[in-house]
């Protein structure tokens, strides 16, 4: 494929997909180890009410208010889950189930009640995103990467998810030790004087920010899949946290690239003439990678696994 | 309109759907209770999301076989098959790999759903011009439902409910105490499987009404709500069924009364309203009751500790304790005990000494086990027994007056 | 007796507390509506090895966790070397119950011991050779140096407990708090752990351990603290480990025949 075709049409969606996948997979490692994998599920459901309320408040479909609305909604959800769990003494899974279904239902109802026919705001979009449409019209080929005026026309989503990814990396890098200690042994961490509650909350907030930024570009399905599948597959490849994170990044990138390419070109190779949902395909590929790791990963078993 | 809907006067279809939804709501509430008590509430989330590829594959198969692909029965059978496969995947991942159940649930949920979306986009392109309407399975839609579909839902809901009723005894036994159930000869694994099968049935029947994203709410919210009102398994089961049925009935009827009120979200929100009210106001486990009880309890603890410290002439470090004692008129502003305070302190210390004897006496093991530092001895022993202890204590010496 | 006098005594008591590696005053901890620990005072003797003993559910571990701020008490406070817990964290090493963590966590034995150096390393300081040497030395002290590169899930219960002890050693603390260090470990590990703890005492450190096995109290410990929701007794083994105190703590749960077999202090 020539640069003239690839750069404007496929480069930016690919990059956005890869960045989104990595930004979700990184905090996902800790969520999976903390048995909080489904927090990602809950967050991705409550993004919808968040953006609908943001739309109702501001009256425009614009990225920043919606991202803020989605982020606020995830915080509300996390707070509600904690409150229900603690105050009502309800197990976390059920508390999540109550919270995210109710909030999602509220979002759908608001959406139905509001006239959004003039704007592109619907449930399907929230679920699938529109990765395929995030093209770079100003580009004419690889040389555009050096052309300031063309670079100015890059989709906003790319910059946002890139900044988010950097933020996520900084958080994990900076708080690597507290995250590791408090995930492994919260009692010991507490005795060291760490604020384990605060660390846990920050992790969830970072995950929420990553989810919202990724959601903006790729929809919520990938978000859940990327929180869980690459870290889970990575866990079966190694017994060291650092290496696990590395593997999860590799799996996330593979899922994003293979998924995007297969969704766009797979049907053409098979003789069909329409692409399929890239978001759905990326989630599917991440699941296949997980299945491979579960069948053949060197550290897939709970005990007696070979070292390294 | 709203009243008419509640009294089922909006035509055959709406009536059938409402009654079917109610039957489904009851079945979901009851089934969900077993899931909740087995601490596996979110398995239902994976099951419901895993139905989507089945819907897509069933549609494509039916089209390939020459049908129009929209037969509800066929789509529901397909969804049940793929949900069952998803369930198998979760079981396999948790049993044979090191993944915990929550990660397995999340993985299956997202991957199956993602694959389902891929299939949906294929179908949209395949039958261009012919709207398959499979998106309605995402959020449910009872608007414009065919008579046949309404019948399927009413019959499906009723059948599921009957199955739940038939299975309630062994399921209650397993949910309450699996080990005891196993000892009684109940095959726990098989009952767990039956619970999962019922969850699948509820999910599949509910797909068309509330959609796959929200059907979990019907399985999770009523049991959690019912749990606030009772500690007895059988009561929770019944109450959850009632709450689930009521929410579904009200929700379905309400949504039939106006065009822009989608059934699924309304049912879920009605259910959530029940939940929120219970969370706040339930007498035993509700938040309000718990907060009041905790504050009363904290006051009792501090009061008791303060009195014991006074009696044993120990300093009181806690400001809260001192404030309590002062406001009760038991110590003066300068921290010196009043006469009443001294008397109460002496009584507290005497009780403590009595308890010490009770707890050292092997004959009173039952009573001793109830000790928690706060309980009045009078609630545990008879006056005669206390008198006996007092004789052993040998009068009130050693108690500063 | 007047309360004014009590205040003077109180000041004396506070002075005494100032000496103690760990002093607990009026500690009440409750899970729900039933206090697990009620109004407990404890003054740990410096340079001694103290056993916290009592029946199941008597609040032994709860007391330890509340003293460390791992759980929040309903009332009461703890001081460490006469100062607030916050300022003295670096002087405490804590060994939680082995069963309280997920041993399937992806990490190696050496990494777990390195966690004990957290206060030294902070967020970002680089791990240098001398840090690794220190961790390896600690592993060596508990006889686990050969296992440094093992994945922790592959260890036996006794080996896991030794790794936890090595992590505590790496903390280089003055006060060691151990929650049931001998629960479910083999005899060899029990011996190894006790010899490490005795060597800590020889270095002038203070050790407090939640302990279950009444038969070994006299052999292993200098001091005992008997608890059953309330404090029953505390003091040197020779004074406090009496049949009377044991009956007061265990009530009907300890048969007279069992008590007769113990090596008890006269009382």
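Every chain is named by a letter (A, B and C) in the order it is written, and numbering of its residues begins at 1.
One rule holds for everything that comes next: contacts are C-beta pairs under 8 Å (C-beta built on N, C-alpha and C of every residue); 3 or more make two chains touch, one makes a residue touch a chain.
Labels paired with UniProt names: A, B = Manganese/zinc/iron transport system permease protein; C = Manganese/zinc/iron transport system ATP-binding protein.
Nothing here was measured: the structure is a model prediction, and the numbers come from that model.
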Using C-alpha atoms only, the most centrally placed chain is B
Interface with most residue-pair contacts lies between A-B
Most widely separated chain from chain A, with each centre as the mean of CA atoms | C
For chain A and chain C, let me know how many angstrom lie between their CA-based centres, rounded off.
-> 43
How many angstrom between the C-alpha centroids of chain B and chain A?
-> 29
Whole-Å distance, chain B centre to chain C centre, using C-alpha means?
-> 38
Multi-chain touching residues of chain B, meaning two or more other chains, are 98
Overlap residues in chain A, where contacts from two or more other chains coincide | 235, 299, 302, 305
Can you list the residues of chain C that touch 2 or more other chains?
-> 104
Mind listing the chain A positions that touch chain C in their complex?
-> 33, 174-178, 180-181, 183-185, 187-188, 190-193, 235, 238-241, 243-244, 299, 302-305, 307
Which of the residues in chain B end up touching chain A in this complex?
-> 36, 39-42, 44-45, 92-93, 96-100, 102-107, 109-118, 120-122, 125, 135, 138-139, 213-214, 216-217, 219-221, 223-224, 227-228, 260-262, 264-266, 268-269, 271-272, 275, 279, 285, 287, 290
In the complex, chain C touches chain B at residues 1-7, 9-11, 13-14, 25-26, 28, 30, 33-35, 38-39, 74-77, 104, 228-230, 244, 247-248, 251-253
Residue numbers on chain C that touch chain A, as the complex places them | 65, 68-70, 86, 89, 92, 94, 96, 100-102, 104-108, 111-112, 115, 118-119, 121-124, 149-151, 153-154, 167, 177
For the chain A and chain B complex, residues of the former touching the latter = 32, 35-38, 40-41, 45, 84, 87-91, 93-98, 101-102, 104-106, 108-109, 112-113, 123-124, 127-128, 221-222, 224-225, 227-229, 231-232, 235-236, 263, 267, 272-277, 279-284, 286-287, 290, 294, 297, 299-302, 305
